[in-house]
Amino acid sequence: MIRFNNDYSEICHERILKRFAEISDMQVCGYSEDEYCKKAADTIRKLIGREDAAVHFLVGGTQTNMTVISAALRPHQCALCADTGHINVHETGAVEMTGHKVMGIPHKNGKISGDDVRRVHAEHWADGSHEHIAQPKLVYISDSTELGTIYKRDELIDLYKACKECGMYLFLDGARLGYALASAENDLDIKTIAENTDVFYIGGTKCGAMFGEAVVILNDALKEDFRYMIKQKGGMLAKGWLLGVQFEELLKDGLYFRLAEHADRLALKIQKAVLEAGYELYAEGPTNQQFVIFPDSLIAKLSEKYVFEYQKRIDDSHSAVRICTSWATKEENVDMLINDIKNLKA
Amino acid sequence: MIRFNNDYSEICHERILKRFAEISDMQVCGYSEDEYCKKAADTIRKLIGREDAAVHFLVGGTQTNMTVISAALRPHQCALCADTGHINVHETGAVEMTGHKVMGIPHKNGKISGDDVRRVHAEHWADGSHEHIAQPKLVYISDSTELGTIYKRDELIDLYKACKECGMYLFLDGARLGYALASAENDLDIKTIAENTDVFYIGGTKCGAMFGEAVVILNDALKEDFRYMIKQKGGMLAKGWLLGVQFEELLKDGLYFRLAEHADRLALKIQKAVLEAGYELYAEGPTNQQFVIFPDSLIAKLSEKYVFEYQKRIDDSHSAVRICTSWATKEENVDMLINDIKNLKA
Amino acid sequence: MIRFNNDYSEICHERILKRFAEISDMQVCGYSEDEYCKKAADTIRKLIGREDAAVHFLVGGTQTNMTVISAALRPHQCALCADTGHINVHETGAVEMTGHKVMGIPHKNGKISGDDVRRVHAEHWADGSHEHIAQPKLVYISDSTELGTIYKRDELIDLYKACKECGMYLFLDGARLGYALASAENDLDIKTIAENTDVFYIGGTKCGAMFGEAVVILNDALKEDFRYMIKQKGGMLAKGWLLGVQFEELLKDGLYFRLAEHADRLALKIQKAVLEAGYELYAEGPTNQQFVIFPDSLIAKLSEKYVFEYQKRIDDSHSAVRICTSWATKEENVDMLINDIKNLKA
Amino acid sequence: MIRFNNDYSEICHERILKRFAEISDMQVCGYSEDEYCKKAADTIRKLIGREDAAVHFLVGGTQTNMTVISAALRPHQCALCADTGHINVHETGAVEMTGHKVMGIPHKNGKISGDDVRRVHAEHWADGSHEHIAQPKLVYISDSTELGTIYKRDELIDLYKACKECGMYLFLDGARLGYALASAENDLDIKTIAENTDVFYIGGTKCGAMFGEAVVILNDALKEDFRYMIKQKGGMLAKGWLLGVQFEELLKDGLYFRLAEHADRLALKIQKAVLEAGYELYAEGPTNQQFVIFPDSLIAKLSEKYVFEYQKRIDDSHSAVRICTSWATKEENVDMLINDIKNLKA
């Protein structure tokens, strides 16, 4: 079976295993207080143009989201996000487990806007009994989003502006940041992200690393005691240098973005073929996740060779599936899939 | 100013203050382990026809909701409710504070149905990655609802049936149970409620008591160690007998329901007048909460004499307000309001 | 049976019931946003000599403790207290329920000192892996303490000084503050408490009120959004003015302190008799709680007429019990008890 | 510098990196639902002689402890452990973060006994106001302990017996289980552990793996929905098969235990040398962690070549340090250390 169901089906890029082997007989200081993590953090600070950024390394996305959000909020405050947001639907209530409501609002293409934030904020404070309502304090977005779409430069800038107007934090979940930034349609760069968020992370797990997410904290108010938060939430890796080594390797010469570009290009190739074959998209995005609507009969046939991620039933005979490429996807497999989409009769 | 903004603007029915005065020089055992609470619990067990019910007394609604829900759920489980549900919008994230997601789904007249439960349950378990999603385990409803509507007998029976089919608990928030049961349109009785919920409560605060909610636990699985839960959540009143005395006084001869009937009758009188004056309802319900749409200019004029609870803007010149009667509302005030609604030009 | 087991066995002082009756037909604004609460808060601000203090009213002690502590701490921080502290032993883990460790350290007469705080703080930060340890941030003390002892002026001043040196908050649980301040041995006054704590509360439940604790927040850092905290923790009473009325009545002419003085005087009378009869104290304190060691046989005999609170077994034939007086204790009952202690053979 | 400060200073055993390289171009199903995890779980079930055991793989120890404990307890229940227990002192309040008190009781050599459990249980239920106290429901122990000591067969059997008598769960933290079982003094075997605990884990991170802990659930009551718990607590590794591969490799031919034996043997060699040189032990244990008391001057000299973990000040001129060997420790380094201990003058 050829897997197109997600972007974390392979261990990691070969350069990372090679680095691990090279340093496997060294003794290193634990808990990310080592030189590898320091170097990776410096590399990230240079990349984003912010020497004052605090950089921390965690293992996975849910862990990172709940750690960042719980560190940022007081007990009565909540996180605002698109109703499609990962924290709202696919983290088993991890944020709520830390005591905070997740307030999902209707998305547009997986995104929310500055005006959404302004409206929610105005409604909260206009209500005479606002203390009876969880207080929106942090806005959570993902780039690329859970629907494979991306934030445009103007959208992010206005969103951050709205957050500052409203006294709220902006947190960008970058589990798939590489795929967003490498997209042909993207007009954002990582420096602009660093200037227009309070905290974001660079996702490793889904983009070439064995595991790991690099949290970048820009707002001083969010920096204090963050290592306690990581430890308390179970995210402090004993052999923390494994994280530093990976990010250093991925970022030092742009490998991270080249891997993402590869995935995006192949995904768009599939998108084009889907449209040409006369099928519709469930969501239209320029990154490595493609959401397509296929006849169930076609899905059944394709599923003999390929694994997709089922999304939802569209009507009696159609369903939406996610087709996902990754840094490791082989072009020959994509071409075979395209061929099958074209030639298999639904 | 005459208050129609809520049903908790007066201390309590005179018989309660009288009872307090009668026993004010007695020494009583604390924490609801006294004879007054035992007697009130017995009265409730008789009233509902369930000798096996566990009865506990708490001070207020938010406290009761978070205590019951947190006692019923394991960490990964969530509470399902109408998106208008009190726990979803007006409790400052109290349920989330105890670690659980509140999953709001679209309401119909403030209610959800058995088929809503069946659909959510089916969707959860159909999803291959269901463990990535908070597990729906408890259904929360209110009767009367936050929109003043009520559950019909058939609706409740099917809702409970659905919960049992799906392995879920049904919890009925009865903060305004009196007003529901006393309504002219009501076809439910409290015994049917006791047979078709796992746990519910009889609200005192909004229906004649100084404060207090009587939790009735029917399902054995929810009974164990409930007093620990009350204490941990800060709901164990030192002078717990004050709660027992109040419920005994309200329930022993039907005073509770007579008070509610009074409020419902006056509210319907207002509803009729509103419709006759050519205004629309924002929600149509047969209980003491009436949600009406008035021109802003009329609201401004009425607000010189009356207090309402503002709900939301409808259009540029109209808003919805809640007009609420209570056990203590004076008919002369209602008549004056009706007169003003009829005669004041918007 | 005559109850000496606690100080909350009677409803409330008669003046409070009288006030309730006087205003029972008035309509009042809910949730403590009324004029009674404003007036009581002003009275408290004058009493403590701090016009900048924020004053809030809650129903009970456990609720107050968890609300204040959870409002003050970030997720990784913990509350430090004597191992006898109420939050450590008698609140069913309510503080932990809000996510925070309670760090109990050995008490001296129910108290901890400034040097205890300095030592814990130094040890925390000396540890190279301090982020693996919950960070002490708030010191919780009670006055009078759980053993009936009181803080002396110098002790409190040094404790607060230590907290400021260490960047920690000082929170004084005043559930029995009246009994402490009214004690013959006391050299503290309420203004000094307000100058040497960040937040404290004046306990009503155990000292004349039907229920209620008045939280006084001195430190600006703890004031923001506190009403949200009260609501989220289930402590916002719908008919909040009941709290304002009670505190106004108790404090406006010193009734609160006269009631406490009465209880303390009677308790010391019992203490004296116990010592004269040749029995030992389990803890020696000058307030309304007396902890005495009696032969089990004497306890058995006394228990035919009186209710005490059992504390713990001392040896094969002796146990410690708490004998508690209150604002409502009748001197004739105390004299009868004293007589029985003297004359009943163990 | 030669590190003796902990047992997680090296990446992992070479066989693991080799296995990763072998399968690095394969596509594998995520979230531990793959064949590698299934195989490793089977291997563990065979090893412990319990076909009914549920086996799950997590990344690290704090994460595992909070996930298991929070899954096992209802809100009012607490975990009982030695006051030296890792969850009590070195996890930044992670268990409390999930809402539960950790009740530390005095340890003996890092251990607690069946009679400790019986006494705590009896005291809890003897107290008339037990619902005011967190209910002890789970006993947490570590083997080897935080002081390097081990549970003997009889001790564990009686502890489990006590837990069953008292209706409590027994959870064994096996972060260093290998070092315990490989110890020359050990008389326990893993099958006996599986028969005398409700849940335990086999630690990989500190014993040859890159990372990973294998949770083994024996008690059916703890099995349901455990994958939800892992996900919610942020412990579900996207590339979960990395965990399965590691445990399979370590356990399939006893490598895990040989690695541990190596470390224990070297640690005992150091212990012997320390005693022969006339120094005292801070704690006496037969495993890879040795706690010794050295003159500060000796520590200073040794610290020019070696890294230890500082424990605590003993007196004005002595301190306790932890000297830790691991599966990767080189005997030549141990011999050099021994030589320096013997020859360097304090």
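Observations on the structure shown:
As written, the chain order gives the labels A, B, C and D, with residue 1 at the start of each chain.
Rule of thumb we're sticking to: a residue touches a chain if its C-beta (ideal position, glycine included) is under 8 Å from a C-beta of that chain, and two chains touch if they have at least 3 such contacts.
Just so it is clear, the model here is predicted, and its values are computed rather than measured.
The set of chains in contact with chain B as well as chain D comprises A, C. For the touching copies chain B and chain C, the fraction of interface residue numbers used by both exceeds half; the interface is of the same-residue type.
The mean-CA centres of chain A and chain B are about 41 angstrom from one another, to the nearest whole unit.
Put simply, the C-alpha centre of chain B and that of chain C have 34 angstrom between them.
A separation of 49 Å divides the Cα centre of chain A from that of chain C. Contacts with at least two other chains are made by residues 75-76, 91-93, 97-99, 129, 131-132, 134-135, 228, 231-232, 236 of chain C. Contact residues of chain D toward chain A in the complex are 1-3, 6, 8-12, 14, 17, 20-21, 23-30, 59-64, 66-67, 91-94, 97-98, 205-206, 210-211, 228, 231-239, 242.
Contacts from chain C toward chain D in the complex involve residues 75-76, 78, 89-93, 96-102, 128-129, 131-135, 310.
The touching residues of chain D, when paired with chain B in their complex, are 31, 70-71, 74-76, 98-99, 129, 131-132, 134-135, 225, 227-232, 236.
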